[in-house]
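Presented sequentially are two complexes of chain A, the first with chain B as partner and the second with chain C.
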Partner chain A sequence: MTNSGSSAKYLLEAKSLCVSIDNKNILSSLSFSVAKGEVYALLGGNGAGKSSTLKTFLGFNLPSSGKVLIDGDEVNESLDKVRRKTAYLPENATLYPHLTARENVEYFLSLAEISKSQSEIDKAFERVSLQNDARDKQLQTFSKGMRQKTAIALAILRNAPIFLLDEPTSGLDPVAIDEFNNLVRELATSGATVLMVTHDVYGACQVANRIGLLRHGELVGQFEAKQNEKIDTELVHAAFAQRQTSEV
Partner chain B sequence: MVAFTKHIAREWRFMLRQRYVLILLVCAFILSSFAVFTGVSEVSSQRQTIERLKLADETDRLEAQAKYDDPGSLAYYTFHLSYSEPSNLAFAALGERDTYPWKHRIRMLALEGQIYESDAQNAELAQAGKIDFTFVIAALSPLLLILLFHDLSANERTSGRHDLLVTTAKMKIHLWGARIVVRLLAVFLCLLLPFYVAAFISDTAWSSIALVSLWCFAYFIFWTLISVYVGRKSSSAPRVASALIAIWVLFVFILPILGDLAIKQAVHSPKGGDILMVQREAVNAAWDLPVETTMDAFVAKHPKYANYKKEHEGFNWGWYYAFQQVGDQTAANLSQAYADASQRKYDFAAYVAMLSPPMLLQRKMTRLANSDAIAAFQYEKEIRSFHAELREFYYPWLFLENDFDKAVLSDLPNFNNNENQHKKQNKVDTNER
Partner chain C sequence: MSNQTKASLSISPVLSVAKDEWRYWFRSKLAMSVLLIGVLLTLSSVVVTGINMIELAHERAAMQNSSEDTFMDQPDRHPHRMVHYGHYAFRTPAPLSMLDPGVDAYTGNSIFLEGHRQNSAMFAEQKQSTGLTKMGNLSPAFILQVLAPLMLILIGYSAITRERESQTLAFLLAQGTSMFTLLTGKGLALFSIVILIMLPVAIAGLFAIVQGESTLVVLYFLFTYTLYLLTWTLAILLCSTLLAKNSESFTALSFIWILLCIAMPRIASTSASVVVPVAGKLETDFAVLADLRKLGDGHNANDPAFNKLKQSLFDKYEVDKVEDLPINFRGAVASASEEELSKVLNRFAEKRMEEELAQTETARLFGWLSPQIAVRSLSMLTAGSSIETHHRFLRETETLRLDFVQALNKTHIEQLNYIDDINRNNGEEGWAKARVSAENWKIIEGFKFTTDSPAVRIERGFSSLIQLLFWSVMLALLLSLASKNLARRASF
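Take a look at the complex of A and B:
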């Protein structure tokens, strides 16, 4: 069931993945893969199963059938191992508000048993453009963008080859989104594999190599983001509108 | 282990930055200090009372001995202080010392009335009990632990940090394990530190300190495990807290109250007042009965005084003390039934305590501190034994009518709680040998 890992062609794979929670099908026969250095964006409306997909890669949801693999290892069989290879960025990037940005990063690094010098931490802060004077301020004084930057700095410092990003640009201003997208591209260029779930169609087109469209837990389409002009906008809109229709 | 210490150190620093946790810990320390202070003051006050009464008792007895010459008057006018001295751990567990009397002034009259005519304190206050260390640990510390542990993961879930924490931690135990250990240790230190100081001052035995520490730690672990288990998957801290408080109410109030009701239903006991009335009525009635009736009943239990001259003119001390003795004999069955019922209640309470950890802890602590019902029964036995010694001392002068020399008063039995303890211990040792 588990292979050597490092030789896997794809770092992230979902194979005929089905997930049910409380007898309700959340994901149905979901199959996609993300290669090393690739940025893959999962697009979909509310309730399409984007975050559930991410949670399954993180080992919080158990597949009812099918497989979910990280670097060739089945997630639920080698949870600790695969989690060490992933850096997760939650939607609201809620770190501890009573700690400073530096203390938050130090706390989480210690939890991961990763030792970093102050200069390395400062370098990560510089990379995410977190100003010098903000680094020793409590997070409760930060804007959402600054909190997001702190969380990204943490993800970078973990040196994980895989990034799982949950609605990373939600609530950010356009400048912050732009900065974030550049950073994701930069990470991918340096060899990181990124799976991001988002409902920002145009942001996804900007940053991702490929885009998957989720509807009702099913992958209804996959596109090369380079050909974003050719995206079936009707399908995209249908994927988003469907939720609203079903709610009505 | 060394690696885990690193995580403990991190979580310790983290805890020190959480204001609400610090406030809770300070509250725990203040509460424990207050309870220990109350216990130490109460024990000190009881010891001072005993010392004061011992002095007054001695003076009073010497005055009576100077004033009267015949054994009958001496026995009648001489009081003897009996008391149960608090142990060196009693400050932590006052136990039944609130409800059972721990001091009496005994005369060589009928005993049952003297035992059950105790200095009843304010019954409502006695029912509420004192806020001693055992009460704080058994009843209040679970609340502190619930407050500290109910939102261990629920709070992280609500704040959206849970998944990040879990996926970042190299091992779950490095996160949750270290957090639990740190908070548990902090609560333990805050609650036990005042106890250790008082135990040192009170010269409490190391073995007792070690046992109390062990029991408290086990008790804290019990509540921590319940809190963590109930809150392990929930994302609603108030819901977890409500469930835990319901468990707390069940263990601290409902089960002990139901247990008490069940015990009262199952074990029927005469009241102390009934014993007092039966004994007093027997004594009062004896004044109007023929001397033979009383003396026959007395001699039946004390055949060595069968030759006592029954015919006297007017009042006679022998007859007077005989009907006091017969009063006790009349109430003896009722008194025995009361003692048996008390013992059965205590034994049944042991089964109820198996269902209620707070009750079990209180029971263990009061037993160790010698302040439980067993200690009260023991003290009552000591009084009975001392009273029997008094009778053994005076009866030859009263019923054999030997010539009385006041010099023999130097051999008058003296109640000494500590000596009694030593005597008992020696007896146990001798028997064991």
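Take a look at the complex of A and C:
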């Protein structure tokens, strides 16, 4: 077991990671790492292994070989500990529909034994632009975007140093996507480490410091933003399209 | 990002889960309706059964006194007429039988005691059972043993499957909430339902203490039912953890409930009657009659069966005619006949009770296969309404019967002249001479049937308690394994 604690250089690491499910190889020798304050986007088509990578970081998939580390701790050896350091945002935020946005946030915070005042909760809602009148409505009346905002507010309130985002902008309107991308950048600026998986080339280029191109569970290319610049969308798009075409 | 995060010590995650489960139930009409019905049903059953049992206790005590007074108030008579006049013995119900009437409802609670025969207990179902009996014997024990698990199933079957179906389980786990926290919280919420259901029973338990029941026994009684319902809580959480869908969990739990609470008790009693066959009543009655015939007719002093007795008395008193005996030979015959007859009757009665007990003990073994059978046995044994208590009642009443009959026979032997006795049918004068003073009827000591001591009752139920503990420990272990497995398998 590697355990360098908070002194680890990389907060997220996949080392020669292989994952097989039902005798099918999902991830093959996947290696990448994400440093503190960095936004890393794993880009790939359907079935490339993006969500499986996130699930492995969350401990829901067991590596058949290789390892995944969070803040220096091997995930499957300190599951509860590493999960407490991560804020996971699934494609469809799975919160409780019978609870209001505020009740959801309060409930999850109480489970994490985190105490927040109502004004702090309202600040988080304001930060994700969740309207005032929606905060005390049950989630069953919410759109997907509003549910995502609630989940992000929760993640912010949890003060987790690591964010794992699974297709976070899927199904959101363009304004909400822009708001979300700005928020991710803001989180990274404040020191959060973000690993997002997406098939949205444009969105990935907008927010990521680095992009890894995933195909059939293998990392087939990486792109890195230059100082104060964004990654070239056309370059990534061309590589992505080429890979997709070659797959066909 | 705010840095004002601080650990909350006031509300632990387990309590948060339990509180949220209650919030879900409050917002779900089904759960609250089931809970309301459950508590009201238990409460009404406790009240109705309690009132009935208290009434019965007073009624039986009054009838016992009245029966004794009536016997002793009889005028001067021939003592053998009083043997046939007979006397009643009533069984006063144990205080806890207001919660579990046990075998009382089937075995009868009073016995007519008379010479030459052992009567069966009477007045079993008609008066004794509660008013709710017509609705299917809804005693508090029945509600706790059979209906309460069903209520818990209806409220809790989706405890974990609901989280899985809506994918909140994986989200919870991904946030660092452990399966242990989640299951403990859900279990605590379900257990609070158990406490609510048990509340009316606990109040009735307090009343039983006031009625004279041991505090230890009442606490033990409440503990066993709480343990039983905790077992069901674990079973519900286990199914909800093992299965993926609400519908699967509900179907599985319904099947388990039918198997353990409905089918298994019947399988147990049927198996017990096959393993330990008991002769039918008619068959036994014929066998008893055949043996009794060999003893001779106790009403006929000239029956050759008593020649040996006659000769021994002649030898003892050095006479050669019954008229010369210093005692009433007819009384001696009645007494000797009663003693022999009692031995025969007791032999058959003991055999029947042994068979009944063997059947009951065989059925109790099925407690390893159903916690409902374990708690049912434990409940009756603790309440003092088990077959063992009924058998003790039969034995005590038989002792009472023989004592009072033989006391009258002694009066017959010693206080009624043989010549007067055989001339009793010679008109008014004959009748008058063949009587003894009513003072002789004061032979009956007040009969009061008491419940077995707490130690005896607790000791009798020990194996059933082990069965119940086995169930709860086994389910807790299985739940622990299932939760570890689910913590890995749960996914979006």
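Quick note on the criterion: the second predicted complex is superposed on the first by the 224 of 248 C-alpha atoms of A that agree within 3 Å, B and C clash if a C-alpha of one lies under 4 Å from a C-alpha of the other, contacts with A are read in each partner's own complex, and residues count from 1 in each chain.
FYI, a contact is a pair of C-beta atoms (placed from the backbone, for glycine too) under 8 Å apart; a residue touches a chain by one contact, two chains touch by 3 or more.
These numbers come from a predicted model, not from an experiment.
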Clash or fit: chain B and chain C on chain A? clash
Touching A:Leu187 in the superposition: chain B (first), chain C (second), both, neither? second
Going by the contact rule set out at the top, does A:Thr86 touch chain B (first), chain C (second), both, or neither? both
First, second, both or neither for A:Leu99, with chain B first and chain C second: both
Quick one: is A:Ile156 in contact with chain B, with chain C, with both, or with neither? Answer first, second, both or neither. second
Pick one for A:Lys24: touches chain B only (first), chain C only (second), both, or neither. neither
So, does A:Glu120 touch the first partner chain B, the second partner chain C, both, or neither? second
Tell me which of chain B and chain C touches more residues of chain A. C
Thinking of the overlay built on chain A, is A:Leu58 touched by chain B (first), by chain C (second), by both, or by neither? both
Pick one for A:Lys9: touches chain B only (first), chain C only (second), both, or neither. neither
So the two structures are superposed on chain A. Out of 60-68, 312-320 or 366-374, which stretch of chain C collides with chain B? 366-374
Under the contact rule defined above, give the chain A residues that sit at the interface with chain B and also at the interface with chain C. 55, 58-60, 80, 83-84, 86, 88, 90-92, 94-96, 98-99, 103, 107-108, 110-113, 158
Contact residues on chain C for chain A in the complex? 1-8, 11-13, 16-17, 20, 23-24, 27-28, 166-168, 170-178, 181, 487-492
Inside the complex, what are the residues of chain A that reach chain B? 55, 58-60, 80, 83-84, 86, 88, 90-92, 94-96, 98-99, 103, 107-108, 110-113, 151, 154, 158
As the complex stands, chain A meets chain C at residues 51, 55, 58-60, 62, 79-81, 83-88, 90-99, 103, 107-108, 110-117, 120, 123-124, 156-159, 166, 187, 190, 192
Any idea which chain B residues touch chain A in the complex? 3, 6-7, 10, 14, 17-19, 159-161, 163-171, 174-175
